Structure formats: C-alpha cells, structure tokens
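Consider the two complexes below, in which chain A is the common component and chain B and chain C are the respective partners.
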Partner chain A sequence: MINMTDKKAEQKNWGVSYGQMVKNEFMKNKLNIISLFFIIVLFLLAIFAPFIANDKPYVIRIEGKLSFPLFSSLTANDYVILLAACIGLCQLLLMRRNQRTIEPTMRGHVLRRQLSINAAIFIICSVMLYIFIPSKLDATDYKGMISSNRASDAVFAPIPYGYARTDLRKREQPPSREHWLGTDDVGSDVLCRLIYGSRISLSVGFVAVGISSLIGIIIGAVLGYFGGKVDFIGMRFIEIMMAIPVFFLIITIVAYWERSLFNIMVIIGLTTWTGDARFIRAEFFKLRNQDFIQAAVSLGLPIRSILFRHMLPNGIAPVLVNATFGVAGAIFIEAALSFLGFGVAPPTPSWGQMLSLGVSTTGRFLWWLTLFPGLAIFVTVLAYNLVGEGLRDAVDPRLRKAA
Partner chain B sequence: MTDYIIRRLLLMIPTLLGITIMVFTISRIAPGDPFSIAMGPGGQLDAERFADIREQQKKLHGLDKPLPVQYLIWLKRVATLNFGDSIKHHRPVIELIKERLPITLTLNLIAFVIIYTVSIPMGVLAAVRHKKLFDRLSSVILFMLWSLPVMLVGQLLIGYLCGPAFKNWFPPAGLSSNYADTLPFFSWLGDRLWHLVLPVICLTYSGFAYLTKQVRAGMLESLRADYVRTARAKGLSNTIVIFRHAFRNSIIPIITIMATLLPAMLGGSVIIERIFSIPGMGMLAFEAVTTRDYNVVMAVATIAGLMNLIGLLLGDIAYAAVDPRVSFESKV
Partner chain C sequence: MSENGTLLSVENLSTYFFTEEGLVKAVQDVSFCIKKGKTFALVGESGCGKSITALSVMRLIPIPPGKIVSGKIILEKQNLLKCAEKKMRAIRGNSIAMIFQEPMTSLNPVFTIGSQIVEAIQLHQKKSFEQAREDAIQMLRKVGISDPQRRIDEYPHQMSGGMRQRVMIAMAISCKPQLLIADEPTTALDVTIQAQILDLLDDLQRQDGMSILLITHDLGVVAERADDVGVMYASRIVEMASGRELFAGPLHPYTQGLLKARPTLGYQGKRLAIIEGTVPNPLKFPSGCKFHPRCYLGCKDKRCQNLEPQLRQVLPGRFAACWYVPGYETAQEKAEYESSYGPKQ
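Then we have the complex of A and B:
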C-alpha cells in the first residue's frame, strides 16, 4: 500500500511532459476530438472493410457442410492490414503504460526500442504473410446458391456486395433499399466501394507524407546544420522544386509510368517535401549556435547523433503539424489524379475515380455518384485539416496566447 | 535595388535550366513514345512495319539521338523562342500556347481579383469583430470551403445548374456558344462571361479561406500594436484607426501571398479546365502528358516555371516597395 502511494507521489513530481501538454491543449477543443474520432472510425472502416462489405457470407451451409467463405477468401493484403492494426494498438497501449511507469527522461529511449521491435515484427510477419497466403479468386455465387436452394443458413456481412462484383442489369441505379447509395456504371455497390476506397485514401495519405517528411527532414537538417556552400546549392535545388507547379509535375510522372498505388504514393512524397525541408532548415539555423549543440559537438558525438538525437527533437513540432495538413493534401491529390484517370487501375476502388463517374459517358448526371464519393473526400480532408489546425494551436504556445 | 533585381534575374537562369532538365529527364526516360500511342500497339499494321514507321518518326522528330544531345538541341531551339512542333497537333507549340495561355490567364485573373475584393474586407471585418459571431461563423464556413474538393463542386454545379436535373441556367462546357462568332461585341462578351461564371466560382471559393485567414491574422496583430492604442488614445475615429493605421501595416503578408497564389492557381486549373472542357493551358498540359507530346510538355513546364519565378520575384520587389524596413543589400 505504501509502495503504491509512493509511486503516485513520485509520478506527480515527474510533472507534465511536452507531449502531454500538447495533448491536454488539443483535447480542450470539442471539434478537435470529433475530428479525431471521425478519423479513427475511418481507420476502423478501412481495416475491417472485408468484414463490413463482402459478397461472401461469414457462414454458409452448402449441402449440409458448414463453410466460412469470407474468412478463407481474405487476401494477404487484408491480413497485413489487420496485423498493422494489431501492432499499432499494442504500441498505443505500451505508450500509455510508459506514461504511468517510466520516468519522462527515459521514455524516449524506451519508446525508440519498442518502435523498432514492433516495426521488425511487422516487416517479418508481413513478408511471411505475402509468401504463404496464396492469392485466390473465389467467384462462387453464394447468393445464387441460396436462391436455388443448394445452400442455407447463410450469414452475410451488413453490406452483402463485393467491390469488384459487377452486375450489368443493375447499372447506374439511384439509391434504393437494396443498394443504399446506388450503383455505379458497372453495377457495383457504391457504399461498398466507398468503404474499400478509404483504404486507398488513408494509405496514400500516410505513406506519401511519411516519404515527404523523411526527405524534408534529412535535406533540411543537412542544409541547416552545415550552411555555407552546401546550403546555397541545396536551396537552389529546393527553389527548382518549388518553381515547378507540383500538380503538373505529378501528372507528368504519373501519366508516364505504370498506374499503381505505390507509384502514386512515392511520387506525391517525392514532390511535396520542400515545405518541411525549409521549416527544418530554418529551425536548425537557430539551434546550431545554442549551447547544448556546442556541447554535443565538443563531446565529439557523431554528426548523425547531433543532427537527429539532439537537434531534431527540438525542431520537429512544426513538421508534425505540417504532416497532418500534408495527409489532407495527399488525399486530395490522389483523388484529383484518380478523377483525371491517372489513379489506380479499376476495379480497385478509389474515391476520385468514383466521383469522375458522376457524369456518365452518355452525359447523364448521376447525383449519387457525385455526392457520396465527393462528400467522403470532403469530410476526410476536413477532419485532417481540423486536426492539423488543433495541433498547430496546441504545439505553438505563442499562437495559443494570440488566438 | 537594381543590383538585387539583376542578381535575382541571373539566379533565375540556373533554376530554369534545372526545371527543364528535370522535366526533360522525367518525360524521356519513361517507357513508351508518342507514336506507339497515336497508332496503337500494332493495330492493323504488322509488327515489323510498325517498328519501321516508329523508327522513321523518331528520326524525323530527332528522338533517336542520345538524351543529353536531344536536350542541348532543345535548349538551342528554345533560346530562339522556338518550342518546336506539337506531335499531336502538327502545329508549332508556340502557336498553341499563344491560343491557350490568354484563356487560362483571364480565368485566373478574374478569380484573383474576386478573391482579393472579397477576402480583404472579410478578413478586416473578422479581425475587428474578433471572437464575435461574424468572426466565428466566417472562419468556420471558410474552413469548410477550403476543404471542399473542387471536383465535387464542379460536378455538382454542372449537374444541377447546367442541365435537366434541376435548372438549366449555365452552359456546361466550353468558353462560348457555337454561334458566338456571329454576335456583336457586347453580346459576345456577355456570352463569354456567362460561360465563365461556373469555372470562376470553382477557382475562387477555396482561395477565400486562405487569404481571409492571412488578412485576419495580420490585422489582429496590428490591432494589438502600441501605435493603434496611441491612435485610439488620440481620439481618432474607429474607421481611421482601422484603415489608416492598422490595415496599412498588415498589408505586407497579403502582398507576398499574391506572388504564390497565382502560380498555384495555374496548376489547379488543370482539374477545372478538364471538368468544364475549357481549352486553356491546363487542358493543353493534360492532353500533352497523356499523348506524350514531348515538345508541348516541355514548353508548358518551361512557361509555368518561368511564370512562377517571375511571380516570386515580383512578390519580393513589391515587398520591398511597400515596407521601407526591408532592404536587399545584405540578402542573396
């Protein structure tokens, strides 16, 4: 008992870490919480998409035998996404535990170790999953089996349609009880495709921003720390990158190379890092002459350690805020690319591509194919922008006072 | 000042070279070429003749030489303002651009003027009514507009205002009606403006949010400054304090934004021109990248890059002109 109270008292003395301060400030605004909640829901939809919308039943009795077509038809992709979700959840729980049990000064080291272990587990497991899970196509018409009385006791997902299932008899139908948000030009269910489309949008957002932040941080750090000639040449390069209209550059590259999600992510990442680089550069210019960096230099620490262990933590806050807006931007760019026909190849669903079907080839205006995918893009981008705005206010104490 | 401008103009040359080299490399090392796309892979021709024709075409357009040589040839031509011929249109690229650039520029300039005339008063008002209803309401609405995808707005406008679905008020596509050439000047102008309404709406609405926010932030800062308090203490009227004292000092960020907004809008017009089928630069760029019309791609990239750089330079010059504290003597 005494031990417990001791521990509590000790925790009080730890005070509040910077991360907690930002979190408390962020949570003060209701709108921020709502946006964050929405993004979490969106992630859940993306992760559990095959369980929410699927044309295969969870359970079905075919000629007296029970089978589980939905589970056996999950692809390696689905498993990897589920795995990532599990590991992410574990990491979050670990971080909560860290906050209770580990002293603030030590948290960084522990967190780094946990992150690298988890990343290693994720990479190894996903490679194994891709190798061992065969890609199979289960095109059995389970609904037909039920109507022809060959199967019974089927339990379907809430939205019993597959994203690649086409039905030309039911093309371009407005919302009805059967298809809640209508059907598209080949008769696929719009709601189902919207749910799967969130996977593309979210993954593009995160991977593209990850790439661009990484490049931006490294280039900005090098330019800001070394200054002089390196900085001059580097800044000319950044100027070149900034002078090219980014969207034009992206469509040039995307139009020329193979249409794939991976390419789009990489290209968006490679073309949008200039803002981060300039932020970090300016921050490092300021930090370079401060005492603790001088101390690190005179201790003979390797340059990598000075740049990324000592300077970066002091200058990363604006980049994190920028990254949130960057995710919104990347989602928007992906939607625009898909809208123009440069996106992922069908039948993989993407919100922008669905939106482009809103005016059919015959010139008919299909409002449900315009409104629903458009709203999906809008609400997602809005939520990210709101979170970004909230984070910026929370991170920057100067702005906090001014607002 | 002159020194500074000259130095900046000289620095523009390597930057422009960098842009062209980058776009050149990207467009040429990618697989595929314009002729295969134009003729289709094989089609009615047998493979041998197809390859033969492709080689001849490549030779004709100078695409058979090594890349650095091709680039130098291109550079030499561009130095005399000759951007070569379009492979798709069989016309000089410069002619195409002369046709298309004014369209995009008009569209963007109209949008630009509207953005400024709406945003500045709104930003000032929001700052004056800080934390009152107008401020809160306008910032929420503008924030939502900022996140609204232009594809959605464009298609909804076309769907509901240009057709049988709801109202048939506006033309859905193009710049002028078929019979426009026969009209007298003022009716022609009216027809043109009538066609421009929807595209301009799409171009403007997202700009409002950004600019209004900047104006508001600038105004808030200067309204808190000591000289504003002094002015009020002297007993000056509210209007004079706001417009003579506070607004003038918050104008500087607005000018720097002007330099970055215009080039950004040029890039964004690709989508809008596609939605409304407007034959502007964005459409030209789109067609060029999809058909691999190398000369057009290069010309668009060069011109867009040049305009961008000039915009940045003008922004810096205007910055110095407005703010006497800014001097370029010590800067690059």
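Then we have the complex of A and C:
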C-alpha cells in the first residue's frame, strides 16, 4: 500500500518543475485560494474601473445620433492599463501552453523570446497611445441631458458616477439605494472612489516592491557572491539604510517636492530593499560553495550568468515571499501617507485619503467614510499577507512537514 | 621538465590558505607534466592537496583565504597564473574542463540537464540554441545515456548517481577540452558504475585524444588506467613515475606502504598491512620530511627529521623525494650527513 502511494507520488513528480510543485502546494490551502481570488478580483476592478464606475454612458442617443462617450473619454492611462492586462493575460496563456507543448529544456529559451517580444509590443504601443490619445475633459452632464429630454437610449455603467464628479447637493449622505456606500464631503460616490482607489493602492504596491526587489537582489547577490571586504562595506551600508525611519523620510521628501504618486512609489522602493538584499545575501553565501556553482564556474560561464541564471533561481524563494509582504506594506504606507494628507492630491482617489474624510471635515463621525475605505485597506493587506504566508509555507518543505 | 608532446606542465606550484587558525600550506612545490592524450594520476590520502592542485590549475581556489603563492602552470606555452580572469573564463570549459566528485550535487537542481549542457556549448562554440541542443543530445548519447532525446529534458533529481556523473562528463567534454580534470570521479559511485565511468573516460580519451588529470585515492583505478602517476603526501609529490614502473617497484617508503596496504585477490585470513600513525595536521606539519614520523626507515634519522627532501630524478623517468631512495643523495650530501650524524646505518 505504502509502495503504491509512493509510486503515485513519484509519477506525479515526473517532469514537474519546482515552480509547479510550489503551485500545487500553495493550492492545497483554501485560505490561500480565497486570498488569491480576492486579489485577482481587486486587479480586475482596478483594470476595468472606467467600465464599472463612470458618469458617462456606454451608449447614448443625442439628437438622434448615437455616440459612445465612455469609450471616447478613456485616457491614455486607461488604455495602457488595459493593454498591460491583455499582454499579461496572453503571456500567462502562452506560459500555460509552453508547459504542455514545449520540452523543459527549450522552455527557458522560448520564454525569454516571448517575454522580450511582448515587452517590446507593450512599450511601443504605450508610447503610441500616449502620443496619439489626447487628454480631454468631457464635462458634459449626460444625466441632465436625459432628464431634460435632449438625449435618450442611454446605457450607463453599473455605478453611474465619476470619481471626480462632485454634487454639492448630495454631500455626506449615508448609504442609500442611489449611493450604495454613501457620498463624501463634496458629494462624490464612495463606491466609485473606492474602485478607482484600488488602482493607486495596487500600483504603489507593485511598482514600489518591484523597485525594491530589483535593488535588493542586485546588491544582495554581489555581497553574497563576493563576500569579504565588499560584503563588509555593503552590510554597513545596509545597516545605515535600515536605521533610517522610512515613513518620516517619505513625509519629509513629499513635503519638499510635489505630492505625486510617482515620488511615493520611488521613495518606498528606494528605502525598503534592505530586507531583500539580506535574504539574497544569505542565500548566496550558502549557494556559492555548492558543487553546481563550482561546476558552472569551471565551465567558464560569465559572472552574470552564474549570479542571475544559476544562483538566483535557487535563492529567490525568500525574496518572492518577502515581496508579497512588501506589497502589503507599501499599500499600508501609501494609505497612511494619504490619511495624513501627504499622499496623492485630490481629486485622485486614494483609500487613506477617503478614510481621513470620515473624521476630519466637520467634526462629525461619518461611519461609512471610515468603515468602507478602512475595510478595503484591511482586507487587501490581509489578503496579501495570507498569500505571502501561504507562499512561504509552499516554498519551504521543512515548514510544510511541521504543519 | 617540459618536453615535446607536453600539454600542461605545472612547475613549483604552491597554494596556501591563510585561515584564522593559521597558515595552511595545502600544496607545496608541486611539479608535474601531462602529455598529450595521456592520463596523469594524482594519488594520495584525503587532505593531501590533490584537489587543491586541481583547483589551482583551474584557478578556482577561493581567494581569500586561498592564494597561489608561487609557481607556473603552463598550458601550451601560456602561463595560466598570469592570465586575466576574462581570458581564464574562456579557457575554463573550453580548453580545460573538470568533473567533480559529487555527482548528486554537481548539477543545478532548477534546470533540466539539457539546458546546462546547452549553455556551455552556446557560450564557447557560438552556436544557435537548436544546434547546441543537437550537440547536447549527441554528447549524451556519447556518454552512454539511453534515449537522450527524452533524457535531455529531465531534471537532475530524476536521475541516478551514475547517470548524473555521465551527464557531468557530457557537460565537461561538450566543448572538446584538451585537458579533462577528473576529481575523484568515481568516489561517490558503487563499484560496477565506477568501472563503467572509467571505461567511458578511456573511450572518450581514445576518440578525442584529450589528456586527463585523474585525481583519486583508489590505487586500483590508477594501476589500470594511468600512464603516469604522482603520489602526494602532505602537500608534496613524494614519488612520480610511469604507472607500470611505480606499481612494479615503488621507491618511496610511503608508496611502498600504500601498495602493501592494498587487499589482493586470494589474500585471506591475515590482517592487511597498515601505515602506522595518521595524516599530519596541515596546520602543524612535522619538521623535515613530513612522512618521517610514520616511516619505517626515517623515524629515527636526524636528517629526515630536520631536512626536507625535494623531488629529484633518481632513475630515468623516475622521481622521488626521500633520502633513503638509492641514488637520491649526492656524494656531497652523503659526506655532509656522515660528518654531522656519523656513518649511515
């Protein structure tokens, strides 16, 4: 009996790469799947935000002529996000197909080619989009046109409000059938702003973590591989970086320069790489004396290939896990900054900024302005942390056995 | 020592390690040369410096703590110790390749074996991926892996130790190196696989005419396959000769002891001979001849205790480092010895 299960397990492992093993292990836990599902939903909301919440109708007939104001009002940003989503999806499907149709030895080679082609397409297309799509403000009041019978046959988005559309007659209204999650101090729909706010949160999370992981991996790899004096000096530098209170540094910098999302992302990225660097350094210390690294050196491979092709895949797991926690951390920092008024400038919506409206404006406590953005931050950070935890358990077989 | 037909000559190589506990002289004053298409075996106990010698040839000594303090390593008129790192990278894998002793850990677990071979071929021979892949399949077939078309896409953990060692060999010979360094290629394998691997190396040597530096502590392996043998003890080569001569009549007391300690067929009931004592601690080598505390000839000899013998030619093609080997000491040294310690017993 034992033999049979052993054999089954072996057959299942036949040709299964490490990544697939981690995926299978990750998918065993229900909580992980739920968290991942939530994150995917959040992503879809962020990507398709203009189609879900928009004060412009999909279709409208004005004076007998059909027009599509929602589509014509999409900005270059929206198009680039959609394009990125499309290409990302294509890449995922391609990778799935690779798993089935291309033998493992070819896969890396093919994947590199696909990635570079897709990246090229993305860059060319986004540059063209930014050049050719004018940023125009469509301030037409379509709802007013309908009520005054100048237009008909309108189909609106499920949430027919824009994030920048104010309505001073409907300030600070609690949740109702019209505004599901209420309105804020200038009469904007809270649900709509929540949905657009997820764009800010996710982009801060991913760009900041992307920057910090990249810096961390490169510095950590160099320190870990070369060791000795390089390592000594590098580690002192890392300790200095760690001693800087990131939050106050960001507040200071944002106070001096303009309040832009870009600044926040870059600063978070430039200051939080120390953890990644230390993880990678420790892994590389362990790896550089391994026989297969010696073998790679003895084959005369260049140092770049040894560091990033042969060593990195063996030591990337803790950084991936750390990155997931890092996304949660960056979202949190951004929310806190916005709450304090150092985040993105209104009318761009951000969860932290909405949260602050609940308590500050009139001295009254507006529960819907506190609860819903607070819940959004809480659940998102929780989901990322759960995914990080699940990933950590999945990549570390020792933890797996203990659990 | 170099002559025509020599591929690699190592002259007076010394490699030291500057550790926290003190200076470890891992390799001292080692000289040998490897002829084209021949096998040179370096034999010795664990920790005697064989592997460090090999790593020095590849310039793979970890610096620090290690350092090649002196010597020359000449591969076809080029001193490897004076090469820039960039040039050395072009030599590694291309002119000199190496097989490591532990096949279980010498392959990168995240890649298929194919991609590891292909990378080396692409790098050194500037071939396209598809061509390199074809070459890799050829190589796998050459080292006796059945069904290489399928095997090339497997991960190392799907293979047995013997298979992995074959893959290692395929990887090493994929760029047709002139010199193959085999660092205890069979230590981790069981006996039947050992023989297969060694036969494979023999075949490949015959086909491609490459030279092999074979590092081993297995005298049986050496007796069968080595053209020339160097016996190392405590960081030095103590005896060097052609394989046949060395096994027929060892000169150095250490070599004699080693050969006596071998079990032979039909050797029953009696205990095997041993060499008394243990390998000296490399931090505190004995003074004089490093073998003298364990030597049946020199343990009480004042000169052996104080003066270290260098490797010298004692007979045509035979080298030894021992005061007791006939023909080793010069007349002058003999006179000096007798004047300071009295007549030789």
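By our rule, the second predicted complex is superposed on the first by the 387 of 403 C-alpha atoms of A that agree within 3 Å, B and C clash if a C-alpha of one lies under 4 Å from a C-alpha of the other, contacts with A are read in each partner's own complex, and residues count from 1 in each chain.
Here, contacts are C-beta pairs under 8 Å (C-beta built on N, C-alpha and C of every residue); 3 or more make two chains touch, one makes a residue touch a chain.
All figures in this text were calculated on a predicted structure; none of them were measured in a lab.
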Item checked: Combined model on chain A where chain B meets chain C, clash or fit -> fit
Note to self: With both complexes overlaid on chain A, does A:37 touch chain B (first), chain C (second), both or neither?
What the structure shows: neither
Note to self: Tell me which touches more residues of chain A here: chain C or chain B.
What the structure shows: B
Margin query: I'd like to know which partner A:313 touches here: chain B for first, chain C for second, both or neither.
Written below: second
Margin query: Looking at A:68, would you say it contacts chain B, chain C, both, or neither? Reply first, second, both or neither.
Written below: neither
Next item on the list: Using the superposition on chain A described above, determine whether A:300 touches chain B (first), chain C (second), both, or neither.
Entry: second
Next item on the list: For A:262, decide between first (touching chain B), second (touching chain C), both and neither.
Entry: neither
Margin query: Between chain B and chain C, whom does A:105 touch in the aligned arrangement: first, second, both, or neither?
Written below: second
Item checked: After superposition on chain A, the shortest CA separation from chain B to chain C (Å) -> 9
Notebook entry, point to check: Of all the chain A residues, which ones make contact with chain B and with chain C?
Noted result: none
Item checked: In the complex, chain A residues that touch chain C -> 14-15, 17-18, 103-106, 108-109, 228, 290-292, 294-302, 305, 309-310, 313-314
Check: Of all residues in chain C, which touch chain A in the complex?
Finding: 58, 60, 64, 88-94, 97-98, 100, 102, 105-112, 114-115, 118-120, 123-124, 129, 133, 152-155, 158, 168, 171-172
Margin query: Which stretch or stretches of chain A touch chain B in the complex?
Written below: 236-237, 239-240, 242-249, 251-253, 255-257, 328, 332, 335-336, 339-340, 352, 355-356, 358-359, 365, 367, 370-371, 374-375, 377-378, 381-382, 385-386, 389, 402
Check: Can you name the residues of chain B that touch chain A in the complex?
Finding: 11, 14-16, 18-19, 22-23, 26-27, 30-32, 143-144, 146-152, 155-156, 158-160, 163, 165, 220-221, 263-264, 266-268, 270-271, 274, 285-286, 289-290, 292, 297, 300-301, 304-305, 308-309, 312
